[in-house]
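Per-chain residue numbering starts at 1, and chain names A, B, C, D, E, F and G are given in the order in which the chains are listed.
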Amino acid sequence: MILLLAIAIGTLFAGAVYLMLRRSVVKLILGLVLLSHGVNLLIFTMGDGVRRAGLPIVDSSTGIAEPGTTDPLVQALILTAIVISFGLTAFIMALAYRATQAVQSDDLDDMAHTDRL
Amino acid sequence: MLTLNFILALTWMVLQRSFSFSDFVVGFSLGFAVITIAQVALREQLLETAKFRRHQDIGRYPLIVWKVLGFILFAFWSIIKANIDVARILLRPRLNINPGIIAVPLDVRSEVGITLLANLITLTPGTISIDISTNRDTLYVHCIDIQDADALRDDIKQSFERRVIELFP
Amino acid sequence: MANHLFLPLISPILAAALAVIFTHQQWRWLARGVVLMSITFNLGYSLWLIWLIGSEGRQVTQASNWIAPFGITFVADGASAIMLCVSSLLMLVTVIYSLSSLDPGYENFYYYPLLLLLLLGVSGAFLTGDIFNLYVWFEVLLLASFGLITLGGSRPQLEGGLKYVVLNLIGSTAFLIACGMLYGTVGTLNMAHVAERMQRVQNPSIVTAIACLFFFAYGSKAAVLPLFFWLPTSYHTPPAAVTAIFSGLLTKVGAYSLYRILGQVFQGELARLAPYVLLIAGLTMLVGVFGAMAQMNVRRILSFHIVSQIGYAIMGLGLASAAGLAAGLLFTAHVMIVKTALFFIGGAAEQIYGTGDLKKMGGLARREPALAIFWFLGILSLAGIPPMSGFFGKVALLQAGVNQGAYLISGVAAFTGILTFFSMLKIWNEVFWKKAYGDMSKLPRVTPGLLLPGAALVIISLALGLGAGMLVDYTNVAGEQLFDWAGYVISVCGDEGCEAAFEAALR
Amino acid sequence: MQKQVSYESIILRVVARLMLPILLLLSVFMLLRGHNMPGGGFIGGLVAASAIILQMIAFGPQEARGIIKINYLILAGVGILVAAMFGLPALVADLPYMTAFWIPEPIPGIGKIGTPVIFDLGVFLTVIAVTTKIALLLAEEPELFPLAMADDQEGGAPQV
Amino acid sequence: MLLLIVLFAFATSPMGLLARREPRVLAGWGLAILPLIIFAALCAQIPVITDGGSIVEAIPWVPAMGLELRFSLDGLSLLFALIISGIGTLIVGYAGAYMEKDVGLGRFLVYMLLFMGAMLGLVLAGNVLTMFVFWELTSVTSYLLIGYKHDYPDARRGAQQSLLVTGFGGLALLVGLLLLGAAAQQVGVPVNQAYNLDAMLAAGDQIKQTALYGPALWLIFLGAFTKSAQFPFHFWLPGAMQAPTPASAFLHSATMVKAGVYLLARLAPGLGETPLWNYTLISVGGFTFVFGAIVAFRQNDIKALLAYTTLSQLGGLVLMIGLGGKYGSEALVTLILAHALYKSALFMTAGIIDHETGTRDLNRLGGLRHTMPVTMAIVTVALLSQMGIPILLGFVAKEWALKAALESTLPAPWPTLGLMAVLLAALGYIVAAWRLFKQSFLGAPTPELLTRHVHDPKPAMLLSPAIPALLSLLLPLGLLPAVSSLLSPAAAAVYGERFSFELYLYKEVNLALLLSLGAIALGTLLATQEQRLAAHRVIATVSGAELFDHFIDRMLALATWMTRTLQSGRMRTYILYSLLSFLLFVGLPFLAYGLDEMRIPYDAELQFHEIVVVSLIPVGIIATIMARSRLGAIIAVSSVGAMVSLLFVLFSAADLALTQLLIEVLSTVFLLFLFSVLPARFRSFSPAWVRWRDAGIAILFGMLMTGLVLATAPSTMFPPLAPYFLENSLAGGKGANVVNVILVDFRGLDTMGEITVLFIALLSIYGLLRFRTQRNALPLSGNEQQRPLPGATSNGSHAAPVPTAGSSREEA
Amino acid sequence: MTLTEWICFGLCLIGVIFMLLSSFGLLRLPDIYTRGHAAGKAGTLGIIGLLFGVGIYYGDILTIAKMFALIIFFLVTSPVSASIVERSAFVTEVKMTPSSGPNDLKGRYDEQGELQ
Amino acid sequence: MTLFELLMTGLMVLTALSMALTVIRLLIGPSIPDRALAFDLVMVHAVALMGLYAVVVDQDLLVDAILVVAVLGFLGTVALARYIEKGGN
């Protein structure tokens, strides 16, 4: 499973990197989205053993978790990370749109004025 | 609105999977709150539907229930039939179909009625409703295999629209 | 437990929420009052905290009252207190500067709440003792900075802002990856616990790669050599007040985190990586100052200097000693203040001329002598000329470097100092000394609101220089506290250490 | 610049209106069960926001504003305020911020009530407000400030 | 006392502003009281010092750094302090008269007084770091003085050059001093004493043994040589002549340039007397001595001529320190005094000539003997002293210099070299002096001068040069014992032991006297050939200043090139840098250390549908990359998100899956809101190599991440925190959904931060989309992005918002 | 295996088969309009069967009720999705497969997107 | 693993394969509405997989999650279709 996830993670990162190196604003955003998927999965694999069974929900009367329950902490961390990256992504979208509007092009290479000497 | 509130309370209990009184109370109050929030949308819809409702329909509650039940059974049957039809077409060794879009004139007037009809058409054999003309008098339907366009039109009007119009004019 | 440690977070968050709720024109005074009160409170609190830590040592508390290492620990030591204090000071001054320099439109669009939330993120980052929580505060401050840097929506802001945002996002991603891998490897997120477990890790190992990952993450926030490009591309685009507070806070949080995580938690790894860190520090200094020399715009010059000065901060880290960290802290605290002041004053000049282009400015020394005096004192401080605070920052670093035998980096640092002076003098020459081309009488005069914030900071820099004895003593203590991971562990988890607490809780 | 076309859809409008109360109810459901089952403030808030966003898709952002008249910015502030204030009782009691307090007996139909639940409510409100408002802003943006692409006639920007 | 003096100097400096108003002449002489008070206070200390005592005052400043505000007064510092305050008094008075018509006099005097304070601090400092503090302050104040006439590019250039050179030297000095401090600490001096001058010198013999001594000394030399304009750092001094003449007279004759000499003299007793010390100083000092003298008479500008003789003289002083010994010390202090007197007089009279004739160009002057007789008298006396003509103080000093070389105990050929330098310089001085004198006072006035009404200035201006010139004449005539008793402790301080010496005009005919007279004779002979010599390319003078400027230009060009290359402005380049650094920063250590820990776990539980779901991720990614339209790419990415959520479901993370999916769909909706209106089709015109390169980087990156996961995920070095949360969720957190309990309770603070992030995102997006300022509309070019016309708007505010549909506050 | 489990399996199997059919149709059918039929209908029935099966598995009436709610949800929404996707294809002028069937919708949208 | 679980797992495999077919349509398009349709069906498959998984691991807690996923599928598809129309061709 970890191998499988590791490959998935690698693929996500590779895809993200490739997209981020394009010139299109939209591809850049999509790359960032993939990047955050990759990170989330990566954290997920870092949990206390990635197991198929056992939602991290304990018995509501005894408070005892089934043996083999997955690591709830990484889930909480990823949840936080997901929500944060949601906020960021929304912002980047808005910013990218505004930049496209201002530059009248969605080509990132056209957005190089602030560095001109 | 009250009916809707009850429906929402019921939905709440279904969601909670618990039909205790306290759940009903909570569900009812939440439903009330939700209706309050969504009242603009709901009121518009109710007013719009009421505009086309004929007077004689009111007060014939048992008949309506009967019609509703019949409608549901009919709908289910149509859906299953539709699926089998489509499956048959798909599994043919050679695809030999003759798709097209036909215009169906509408008698049903209310938005809810039109929606119900359109959805029903979509769910049933080889037809998908694509759009309704802005003045609501024509429904455009895509058919996967048209042998006789007029027959199809009649079929839709007779078996579907008639039933729908009884519930929502 | 020092439950008061949460106050510097609660205050800005409540104030920001209230300021958003009270944005309506008729409540404007209330919103402003809340903002100012909150920042003033933070400033007062952090001064008190400095005193408290000076007399009682580290302060620790556990959020939600869950024992360390399971809950989120909040720790304040000398380093955090200093940074906390300087950032709230800068924030206060920035708010005052903004009130007089910015179009009222900014206030309609939640400029002040964003500033408060920036302060919130920064304060959280300085106080937290949990690595993932640090990530969260980083994101808070980053997103606030994103909002601030693009607020106004001019084309340069949008172009520069996009690069700023994306490159910072890559850094954040690395941070997150590092958090995840750290948890996967050592099974904990509490800094003290990590530091303790690091002692039992077989070195060198994957942990080294994780340390490097952290270096990459914080390095890109701090704008070290190959990762600084977001800074000069964007920092000159927003209003001067924003640039000023950014220059004061943002990269410094990165530097602080490098100190905290590499200097304290990953101390063993730092010892191994020190030569490379110093290499990066030296290159960062030089590339930054070279970049500044090439520019012909006030704020762009200053922006490149930020990079260069981060090199100094990293040098303090690379010395991998209490003295190095102490010197770095001193330098960082100084540069935060002075840099902000220079951006304020430069911004005032820019506002007078309507441009920051050196070629189009001139003759300001005669027209606005007060501005000139404070600018000159500011660049003296930045260049490390006594008795301004910059001198002590520089000497502390050089002293630490020389005493530890790091001659090369000390030489580079000294050389960078003179290049810094050189490029700052360019602004002085062009803006203040050079003859103005046109008729200056039409230009607006500097208002007290534009002048005083920068002047106050310059005076503080002078005062810090004159009172450097106390300051240096305090930063030395802070440096020792930072370098003393074992003491940190005991403060957080008790005398037995975190592992014992961990085992006891699971038994 | 693209031509602005409406393409109204009756069926979508009807279904969207129908879904609104149900999804809002679902969102509250997800919020309340969160402490014991999958759900919680985030998920609940996002579901509620989805309900409103569905209206925006069906009716367009301008009309969707009229359907639920809330100042989302203030609502977001209130959400943050609620979330941040819940930790204050602990401070008063000389306990660390966010230390939980619970009412000992569960309330029928709702469950146990404690400060974390209030916190979750704050999260819920914030998430609804933020997500919906962002959606509104983003949806309105191209309508208020349409794009003018320099190389429109070439059918898109060059790509590398 | 000493502290008070320094404080007084600084504290009273703003009083210079009093001279802003008329009559400035009176203001000048009025303000001259300030240095005079200091001079008097110092004079009061003379008995203490001549009795062999010293005064030390110390208050702690930064003990942790070894920086103590320590002042000490001994013979050497007293001599310097007297010169500084004494000549300072004259200069301040002179400046009032000289700059009578200059509205900026007040500012100028503030600078002057500040400079004097710094200089006093420097010479009185008893801690090398304190000394450095004042050292830097002298550089800064002199920068302000040189650039005083900052409307002129040359003034700015000269100021900048001097600051850069002395600043560079200052940094070298600082590092050198810190090295010395480190060496002192190595030999057991405690930190808080390590920079204390006395302690340092006391430990001098041990410090000399450390490895740090050599480098430290080189750096200190660098500092001293740049400050004292030794070859090859001499070039800034002529450039500094852009300063108003009073400043030149003060800084570049009597005070600042001597700081380097002072520093060397200070360190000499403890750290001198090593081959490195002696030979370096003799070479550099001797060469500068001769070089300056020779270059001097080639100058046409009076001030430039004086500047070169000054740097020559400074070389002579360095040479004396290098020669060392008792005679060296004696010669040094005598030369310092003599030079201070005649050079300040010469500079001030040069200023008078400039002031009256409007030019300092020797070729445009002439015949002033008729119109400016008093000036001529002063110049004559001063020049005679400089030439070392008997009965003037310069003569005595030159005698001692010759004696120092003759009596030196250093191995050959160093004493001989020193001697040669003294003699050659003496020749040069005579030629230069003659040239100056002849060109300005003899001959016939140029027509230009005739049109001006040239005359001697008023006494207020003449007084200042007259006094030092007169002293140069009078001191040898009867006051030599007094001078000796003043100079003895100074020489003793340089030598390191107490001794006293007696100056005399004539005692016996000895070699020194003969050489001196011979030099005068030969010099006179050469002076007759002055015109030819001046034209002769004796030394191909490479102008150091141009070289320096060239160096600066090259550096700027390099900086520009580098910045252009690195800071290209293209996002993908920046991302590329970032990713490559990631590969470098993380990949390398991973390959080096982490690779061993990578293991490929065997997993029996792996199920087919999981493989399918996971393998659909790359399919979705490929679909994204290949997509020909924005919407297609967006849909493909959403499907990847759906797969990831599904993976979370399959791995028992329900909350995660739900949140992920919700956010995925909402993000997609947001993207659609904004970007569906862009032209539908992508164009893909990248060169193949770029795509392959990017693909290569992407694959490397992906492999690295896979490797990192495989190295970290399966290994468990330590037990994780997770079980605690499972155990305490219901009991402590009152909830069965552990993830949610973590979110709202265990790690509630994270969640607090997280919703704050959302809140900020909302505020930011709101501002970003709805707040539009006018700056939008303006064209953008290079550095310029704001209002392009200076003064175009009278409004001080940043920019006015354009009324847009959303810029007013909206209701819902 | 209990009876419930068999029933559950059977229903689920039917559902899965219909879902397979729909995916198959999605691949096989010639144009977007006909593919809509496969996706819309077969998919709906597939999911209905499956959800019935799942409801049966848990057996209690409440869960079945919930599943019913879900099914109703699908019945309401999936035709809307299918229909609106088809329409989007039509207004963006995605080509229809050549056939002799009528096309009554052609040219009925005016400039404002109003349907005549 | 019981026979029932085995059978259900088999169904999951079939569903996953079915989903793979759908994703192929998403990959090859050719038109954007094609992809939107495929996305809709992917979400339906996700619901199906979750339902089956809930049975396999015997977790009725997932049932509510299915509801949410269904909502999202609808929302996503509708949004796609609406904005395909807006974007034009």
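Convention: contacts are C-beta pairs under 8 Å (C-beta built on N, C-alpha and C of every residue); 3 or more make two chains touch, one makes a residue touch a chain.
Given the structure is predicted, the values throughout are model-derived calculations rather than measurements.
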Intersection of contact sets, subunit E vs subunit F, gives D, G
With centres defined as the mean of Cα atoms, the chain at greatest distance from subunit F is chain E
Per mean C-alpha coordinates, the chain lying farthest from subunit B is E
Distance in whole angstrom between the CA centres of subunit C and subunit D is 34
Per the C-alpha means, the centres of subunit C and subunit G lie apart by a whole-Å value of 47
Cα centroid separation, subunit B vs subunit G, in Å, comes to 24
Taking each chain's mean CA coordinate, subunit F and subunit G are separated, in whole Å, by 11
Where subunit C touches two or more other chains simultaneously, the residues are 13, 16-17, 20, 23, 63-64, 132, 136, 139, 143, 146-147, 150, 153-156, 162-163, 166, 170, 177, 181, 183-184, 187, 232-233, 236-237, 294-296
Multi-chain touching residues of subunit G, meaning two or more other chains, are 15, 17, 19, 24, 32, 36, 38, 57, 61-62, 64-65, 67-68, 71-72, 74-75, 78-80, 82, 84-89
Multi-chain touching residues of subunit D, meaning two or more other chains, are 2-3, 5, 7-9, 11-12, 15, 18-19, 26, 29, 36-39, 42-43, 47, 50, 53, 57, 69, 73, 76-77, 80, 84, 87, 97-98, 100, 130, 134, 137-138, 141-142, 145, 147, 149, 157-160
Chains touch in the following pairs A-C, A-D, A-E, A-G, B-D, B-F, C-D, C-E, D-E, D-F, D-G, E-G, F-G
As the complex stands, subunit A meets subunit G at residues 52-53, 55, 57
As the complex stands, subunit E meets subunit G at residues 607-609, 612-613, 615-616, 619-620, 622-623, 626, 628-629, 631-632, 635-636, 638-639, 642, 645-646, 649-650, 652, 654, 657-658, 661-662, 665, 668-669, 672-673, 676-678, 680
Seen from subunit D, its contact residues with subunit C in the complex are 73-74, 76-78, 80-81, 84-85, 87-88, 90-91, 94-100
Residue positions on subunit D within touch of subunit B in the complex are 8-11, 13-18, 20-22, 24-26, 28-29, 55, 66-69, 108-110
Interface with subunit E, subunit A side, in the complex: residues 1-15, 17-24, 26-30, 33-34, 37-38, 40-42, 44-48, 50-60, 62-63, 65, 69-80, 82-84, 86-91, 93-98, 100, 102, 106, 108-109, 111-117
